[in-house]
Structures are given as C-alpha cells and as structure tokens.
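Listed next: structures, encoded as structure tokens.
Both complexes below contain chain A, partnered by chain B and then by chain C.
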Partner chain A sequence: MSEPKKKNEFLYFAMRNGKLKVGAVIVFIFVLIAIFGPKFARYPLNEFVAGGPNPPSADFYMGTTAYGQDVYAQFVYGLGTTFIVGIIGGGLATLLGMLVGFVGGYKGGWVDEVLNIITNIILVIPTFALLLIMVAYLKLRGVLIESIFIGLTSWPWAARAIRAQTFSLANREFVDLAKLSGMKTMKILFREIAPNMMSYLFMTFILQFGGAILTAATLDFIGLGPTQGVSLGLMMNWATNGSALLLGYWWWFVPPGIAITAVVGALYIMNVGLDEVFNPKLREM
Partner chain B sequence: MLKLSEITKTYKVGTFGGKSLYAVRKVSFDIKDGEVISLIGESGSGKSTIGRMILKLTSITSGSIEFNGQDISTIKKADLKDYYSHVQGVFQDPFSSCNPIFKADRIFEIMHEEFFPSMPREEWDEKLVEALHCVGLNPEHVQNKFPHQLSGGQLQRFLIARALLLDLKFLVADEIISMLDASTRIDVLNLLADLKSHGLSILFITHDLSLGYYISERAVILYKGTVVEMGETDKIYHTPLHPYTQMLMASVPHLDHKWEQKTTDLGGKVEDITEGCVYFSRCPLEGKGEQCRADIPPLVEVEPGHQVACCCFQK
Partner chain C sequence: MRRYFLRKILIYLLTFFVAVTIDWMIPRFMPGDPVMNMLSKAGSMHAEAQEVMYGYLTSSFGLDLPVWQQYVNFWKALFHGDLGISILQFPKPVIDVIKSALPYDLLLLIPSILLSYYAGNKFGAYAARSKRMDNTLLPIGYILTATPYMWLGILLGWVFAIILNIFPISGAYSYALKPALSWTFIKSVLEHWFLPFMSLFIVQFGGWAIGMRNMIIYELEADYAHYLEALGAPRKLIRRYAYNNAQLPQLSGLALKLGVIVAGAMSTEIVFSYPGIGYLILMAIQNSDYYLLQGCFLFIIIGVLLANFIIDIVFVLVDPRTRLGMQGGAS
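What follows is the complex of A and B.
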C-alpha cells in the first residue's frame, strides 16, 4: 500500500515548495491569459483600428501601436504563440534528446559512437548562427517551422545527459532480468529505464521549454520570426522598428518583455523547485 | 544438455584497444540433465562471465555454446524467447534485480505478458501461487510489496519463483547465496537441491567452496579465466591436485580449529602471463620450470572423472 504513499510524498513536498508554487502560479496565470485573453479582445488582431499611437485607456486596454493596432490583441495572441513554440520546440528537443540518449546509452558500441559524434558536432556548431542562416533561407515562415528548427538544434545537451544516465541504468541487474524475460529493446528502454529517470526527463522538458521560448523571442526580435501571425518577440521587433523606445510608447514594448521574462524566469524557478522535490538531499529540513 | 566448447571472451584494453585481456580462455565443459555443476573461482576469474555468456547477456568472442545440440549464438527473436523459456538466471543481488520504483510483483507481470500472453488471469494467478509455494513463500505475505519491503532471502526466492513459472530446464545461479544471511542460506540451497531432483540442471557459480560441495556432483575450478581442475566433486575436494585448488581447499575455515599465523607470498602476482600456465607466477611447486612458462598445460584426465591442467601431471 505504499504506492499512493510515495506519490503523496512527492505531492506533499511539491505543495510545500515555495519556488515550485510561485513558478507554477506565474506560468499558470500566463497560460490562462493566452487561452481566455483573445475572448476579451475588442479589436481584431493587427487591424489598423486607431489613427495612431494611444496610451492605455478604457477603449484600448493596453494602448495601440504607432500604426494604430490594438496592443492587447497582439499581446494575448502572441502569448499563445509563445507557449506553442515552447511546447513544440521544447517537446521536440526533449524527444530527440531522449531518443538519441536512450539508444546510445543502452546499445553502446558503434551505435553509441556514431550518435555521440553527431551529438558533439551539433553541440559545437554555433547553433544560433545556423538557425539564422536556415531561417533566412525560407521566404514564408510560420510558428510551426520556427519551433521545429529550434527543436532540431537544441537537443544535444539533453541527449548527452540522458545518455549518461541510461548508461548507468542499463548495467543494472533488473535490465538483465528484463532481457532474460525476452523483452524487446524499446520496451526495456521505455518501461524499465525511462521510469527511473522520469523526474529528470520532466525537468529537461521544462528547461527546453523555457529555452525554446527565449530562442524564438530572439529570432523574432531580429526579424527572423514568423512572417504571418504575431508573437511576443515580433511585437518587440515592430516596436523597435516603430521607434517606440525613442518616442516613449512604453506600453508597446514593456508588456511583451515582461511576459517573456516572467514566463521563462518562472519556468526556471519551477525547475529548481522540482529539483528539490525529486532530490531528497536538496530538501530544506 | 548444455555444452560449452572452448568458449573465450576477450576485452580490448589499452589506450587504443591494442591489447586484449582474456576474461575467459578456452573453457569447455558440459552439463547433463538434472546435474548441478559448481563453477568455483575467485573474484575476476571469469565465472560470472561464463554464466552471462550462457544467458546471452555477454557475447562470446570465440567458441560455441550448444543447448540440446543447437548453437545459441545464432538464435534470435522468437527462438531466443523459446531459449529463455528453458534457460534462466538468478543473480547475486536480489535488490538490484528488481526495478526499485515498481512493486516486486511486476517481475511476474512481465513473465505473464511476455511468455503467457493468452493465459487468463485466474489461471495465471493459480500458477503464480503454486510457484510461490514451491519456493516456500506465503503469497499473502509477499505480494503487492516493494522490493525494499522484502528481505533479501524472500526476494531471492521470489526471483527463483519467477524462473520456475517457465518450463525450466537449466538455471544459472550466479552467487545467489552470498547475499543471504546464514539462516536463509540453507533454505535456498535445499530449494535448489529439491529442484534438481525434479530434473533441473543448475550451474552454481560460487566462490564458497563448502556451498559448492554441498550441492553439486561436479565442480569446475577456474583461475584467471582458465579451467585449472574439474571433475567429480568428491574427487576434487578430497584429492585436489592442482596447486591452486590445494591452496583453495587449505583456505576453507574449519569450525573446530583456529588458524595459525602464516604468510603467503604473493609477490610474483604482478607478473603478466600471456603465454604459459596462468598460475605460473603463484605456483609454489618445486618442479615448475621453463615448460610451465612457455606452454599452456591442457586438461588431462588423471583418474576417471577428474581432470587437471598442470605440467606436473602431463605424461
């Protein structure tokens, strides 16, 4: 009867962990805004609804851009895009890292050797420069393509860490026993080895999630973001192009900046909190 | 039933893998139906490696292992599963044999899933209870628990029960007693003896000579991956011929007398022998000579059912 007890134990420490709670609440609030915010938008996205720049007012909750677009609409839709990039980019990076790490660490030998070479090559390539070149080549870019590019370039460190853990788990006797039971390799990997590093995989995903959001924001800001739609980074790019900083249109560039900082910061704080939950040695007494 | 012919396992060592290290060198013996063979040797003598090679957990560099006339190195997929339904292993540390985050019962669930996918739940439960009774466990006491909630002896018997669920012909028991305390040891040993009487063949890997004597008909003494002496247990234990076996027998503690202080010189141990007798550098025999250094002595039969690999017994 100690299965629920063990789960409760994690939940107990999770509920007591201030860092985790603060981080989760912040992320949750932004998720809510991204989901329900568009319902309250009074003006369609990117339409020129006002004559020029307006500071926040009852009519335009967050003001308008220099061209007269509603900042609120841009912000809530952009937030959604940000989370999509995080989930797809971070998820893809985590999945690739798991695949390469599991197979390399478990199979060993030349398979591991080849995967390790590929991982190291991608690790030493200046990925950001590569992203710039790849993204610049595409004429039409969507959020999906951008997320996939980010996912494809940010998996190596996850792969290396997962490989190392798999390596140590694969030599344990319970894996031998699973082999003696005739279990297939993939089944052993996902049913015997992966559950032993679930907490680590979860934390990897959170870090990749935050990393993908930051990378996307950077790409968007320098003008290599999606050519359609809107994102927080794109908003800041437009704000810079519209000289918002010089002209003092603070309501244009401050909200996206705060949102990106808050979401990524909250994710990283959550990660530290989770580390304390999963690792008894780090728990405060 | 199981026949090992000159199996060898080498590992590449050195900076660029230029040298090879023999973990097991040309080991041959066979195991008949319902026979227990003890594989005895010190740490690093390659005894576990032999067990792992039989279980196909470690690849064989050269030589072959045949199970009922079939070479096991080539079997794959469905045939491999069939092989595992007859040949199973139990390892030294019962705790690390269980995945620590799942309940211990899961090892049985996996067996159900992998080997008897079509067996209905009730029938399976009956079979499981029977297997648990067979190893002397009360199912009510041990089911639905995590590995750390069971004792080492219980868990070790759990793992034996796991093997018994199959149509088992051959069991590799790799140091299965060494983690148990003295009171549960004899239970597990008697269980093995019981299984033997039902026709199960066992390869009993141990470094404990007395356990080997207790259970087996034949013994194989291993030193640095090479068989130095093998034959019927009685003959080996009562008239050990190889100097290494003699040294082993002399180092078994006796209940009724204390040891006298004696120093054994292991100074020559560092010398790396790639040619010649593996025991050359430690051999205390007067008669050892250049021949021992140059040639690996083959196993010769000195009396029926007793073979030894030592230059002193060459014709």
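What follows is the complex of A and C.
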C-alpha cells in the first residue's frame, strides 16, 4: 500500500471512531473556553469585586468566592494555565522520553545500560515527592517553572516505552539500508525511526499531557502551586482554605474539578480511540 | 531468580542513594541562604525558640565544613534515625512526628490499594468484550481515572458530610474521644476513615477496571487465544487464560502507579484533615518546617521502595519466567 493511501485509511477510521470524536470535541470546547473565555469576563481576575460570597447570578455567571472574587474570571484564566502546564510539562516529558528512548534503544550496549539504570531510578522515585522537595524551596514560583519541573520528572515511563519500540525498529531492513548508505545517527533516528512510530509518540504525548495536568492540580492544591496567577488546582486550594465545603459554596469548588476531570478524561478516551484507529486488531467490528 | 532479585535490590539501593543525595542537596544548592530563609519564613516563632533553632540549624547544616564532610555527616545522622527537629512541634524530633502519622497512611493506603486492585481487575475482565457493559464501563472508568483525588474527596465530603451529615468531615477520630481500645473509639475511627478511603478506592478502581478491560481485549486477539478458539475450547477457559496473562502488566502497572497513588492519598488527607503524612506535609509547608518536609520525603521514598520490592516478590510467585531466570517481570 502506498503512503498517501494509508494516511487516508487512518483518516477514514479516525472520522468513524466515536471515542476519538467525543474526546476531541470535549477538549476542543475547553480550549475555546480557555482562549475566548477571558474576553467575556466582566470583572478583573482576583479583584475583590463583591462584598462576599454570591451564588451564580446574571451578574456573576459562576458566583463569587468567600472573599468576593469573580469565580468565572478565575475559572477561565485557570483553565488557560492548565493547558499551558499540560503542553509544556507533557511536551517536555515526551521530548526527554524520546531522546532517552531513541538513544538507548538504537545505540544499545553500555549507553543503553546506563540510560536504563537512570530511567529505572527516576521511575521508582515517586515523582510527586521529588517535586515536593524541589518546589518547596523556591520562593517565587511561576507556571513555567512548575511545568518544567513536572516535565523533568515524568519522562521515565515514556522513555521506557519508546526504547522498546525503537529497539524493535532498529534491526529492520530499512534501517540497515540507511546505515549502509552512510546516514548520520541523528538523521536515521528522526527520518527513519521516528516517522514509523509517530502514532505511538503522539499517544505518549497525550497521556503525558493529561498526567501533567493532574500532577499540577495536586501540587497546586497542596499549596505548592504558582505564587502568582491562578490555576484550577489553586482554586480548589483557596476553596478548601476558605471553608467553602463547610459553608456550602459549591459553585467555588465544583467547576475546577469538573474541568480537570473532563479535559483529562477526554484526553484518555481520545487515546483509546487513536489506539483503535492505528491498531486494526482493536477496531470493533 | 537470584539474578532477578540482585538486580532489583541494586536498583533500589541506587535509588535510595540518589534520593538521599537529592534530599541533602536541595536545601544547600537552592538560591539563597537556607538557614536565614527558614527562620525568616517561620517568623511567628518564639524568640527563644528562634535563637535555639538558629544555633541548631547552622551547626547541623555545618556550612563551615567542607562539602564532602557535610554529606558524610548527613548519612551518619540518617543511620542514627536523626532527621532533625520539627519546628512545627518543637522540640519533638522529626522522626517521632512522622512515626505518629504513619499508621494513618497505612490505614488508608493498604486497604484502598488491595481492594481496588482486586475489584477493579475482576470488574474490568467481566466487562471486556461485552457490548453493553463496555459502553457504560468505558466512559465511567475514564472519568474516574481522570478525577483528581482531592476533588472527589471534596465532593464526597460535601455530599455525605455536609449535606447528608452521615459521616464526619475532619480528623481521624472524634475530637471528644481519647485513643482507647473501646468500641466507641473504633467506631469513630472507622467513621472518619470511610470517606477518605472511598475517594482513594473509587479513583483507583476506575483505573484498574479500564486497564484490565484493555488488556483482556489485547489478549483475546493473541495467537494462543485464537488457537484455543479454533480447537473449540470453552470461552470461559480462554478468558481465564487471558485474565491470568493480563494480570502481569497490571501488576507492573501497580508498581508504576504507586507514586501517583501516594500523591493522591496525601491530597485526600488534606481535604479531610486526616492526620497522616500528607497532612503533615501541608503543615510543614505552611510553617516552613523544612526538616519535617525532608523527613516526609524520605519516608515516602522508603515506603514506595518497600512496596516495589513486595510487588517484585509477588511477581516471582505469579510469573514462572522470573523463577526460571528468564526475561519477564517489571524491570
């Protein structure tokens, strides 16, 4: 089968895959809210615009916090932060995983052995504990730093999975041919091996994206989130600190959780859909 | 089998070594003077305590000593069980503070992990390839795994403690009671334990069910399954083989997930003010009690390493390949 025809085949199955469509639509809706939501905010972020807590009304779409801040503004800006953390954290983790996995799986020998040991060590250390101890000592924390730390600590399983894939591709004929023709290692990796596992890399990125969002939410909730700005995890942190639970201000703590769950859940479901698109055995007849 | 264990133990020792080194390095190489940083942040402390702490911190950090000496001393102290003194519960040693929190963590983690693993796997296997079950399990399972632990905790707390008022919302037992071996006390402990346990159980259950469902589908497409089918083996038998094979990746998945589960337990404890290590971490952060924070970090690492080792032993029991010294197992 020639190359363009095969792509069309994937597109054909992608368009027919309900899981992929549902997941993509949900993620897309939240991306739109994150991009255009701030334009409709009637009150500035984190300003004390109301005297105290207000349930959702025409004035405050999503109510106000116990301190009188507009929940809608916090929500839409926080959603943006969530996507930024996902893209940077998940992206960095995928890149590092690719680097380690490609080099280890392709080179083999002692390079592979050393990389493997490093991967296994970081794999066993609970990422969260590592982040905890790193982040706690930073006085000023931004979203960028948080995302980078998350990326730096969550690459190992991606590296291991990609290494295994690379290993199985490295001994195929077309790679041998490239080697014989004198191609440089890097070029072989990115021109010959990477394209053959594109679907796999993309799925790894989606999982890392979701994972980074959940990790960031946990860190923010514990009080190790960004010291400025707003995120969905921080909203939950503020809500519990402000006794929203005891006082029943549900509009304050329910939306951020729904958004995180919906985005991450949709990403996971998209992933299953993609798996079925790329792997014919899993397609439901 | 010996090789398998030797390799594992080597990795765990290396990991422990790296973790302790990180624990030692971070306060020293982060920008700023750690001692001043600690003391200026813990401003609300008594003047007397502050003076004692400054002397204690400078001498125990030993910043005048050569770096290698500091490092050796850190290890020595560690082997004597000396993790420093808690600022939060001054002058209680960190190790004692953590020891009194640890039982609550075990009480939450062990039952939630074991029960959700068992129930989730069984349910996932049951739902796989049955059209009707699959269509409900899949979305629900993915929504559950995507739920942040603390948010589910908040929701459960809000519904069952605030609105319905069935369960208590905070603490490990009623504040009116003193720890004793009486039925009232045990009942109180169970009541306070239930909601945090449920939030951990439900999220993990979703993950295992989904994982098993996906694995079974893979296994049922494997050659051996088709072969058995062609031989006319009963469907139940094929599914049992598939289930047994699917257990191995699930088990190594458990090893990989431990870190996330621990993080989930920490944040759940914070929601319910449940006095485990997670709650201690929150207190340590809010009070800039860095010794306590570093101690908690070490305890989490040790706990996860031990749990990994237990999973390795279970692997030897369930996977014959590891016993024969062949490939396999969670490397």
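Details
Going forward, the second predicted complex is superposed on the first by the 281 of 285 C-alpha atoms of A that agree within 3 Å, B and C clash if a C-alpha of one lies under 4 Å from a C-alpha of the other, contacts with A are read in each partner's own complex, and residues count from 1 in each chain.
Definition applied: contacts are C-beta pairs under 8 Å (C-beta built on N, C-alpha and C of every residue); 3 or more make two chains touch, one makes a residue touch a chain.
Source: prediction; values computed, not measured.
Steric overlap between chain B and chain C is absent once the structures are superposed on chain A; the two fit side by side.
In the superposed model, A:173 makes contact with chain B only, not with chain C. In the superposed model, A:265 lies in contact with chain C only, and not with chain B.
Touched residues of chain A, counted separately for chain B and chain C, are more numerous for C.
In the superposition on chain A, contact of A:39 is made with neither chain B nor chain C.
Applying the stated contact rule after C-alpha superposition, one finds that A:250 touches chain C and leaves chain B untouched.
In the superposed pair of complexes, A:124 makes contact with chain C only, with no contact to chain B.
In the superposed model, chain B and chain C sit 100 degrees apart as seen from the Cα centre of chain A, a figure rounded to the nearest 10. By the touch criterion defined above, A:195 reaches chain B but does not reach chain C.
Once both structures are fitted on chain A, no C-alpha atom of chain B lies closer than 9 Å to one of chain C.
Every residue of chain A that touches chain C in the complex is listed here, in rising order: 19, 117, 120-121, 123-130, 132-134, 136-139, 157, 210, 214-215, 217-218, 221-224, 233, 236, 239-240, 245-246, 248, 250, 253-254, 256-257, 260-269, 272, 281-282. Residues 11-12, 14-15, 18-19, 22-23, 26-27, 30, 32, 34, 37, 138-139, 142-143, 145-152, 154-155, 157-158, 162-163, 169, 214, 217-218, 221, 256, 258-260, 262-264, 266-267, 270-271, 278, 281-282, 285-286, 290, 293-294, 296-297, 300-301, 304-305, 308, 331 of chain C are the ones that touch chain A when the two sit in their complex.
Of all the residues in chain A, the ones that touch chain B in their complex are 1-3, 172-174, 176-183, 192, 195-196. Residues 52, 55, 57, 80-81, 84-85, 88-89, 91-93, 96-103, 107, 110-111, 114-115, 144, 146, 149, 159 of chain B are the ones touching chain A in the complex.
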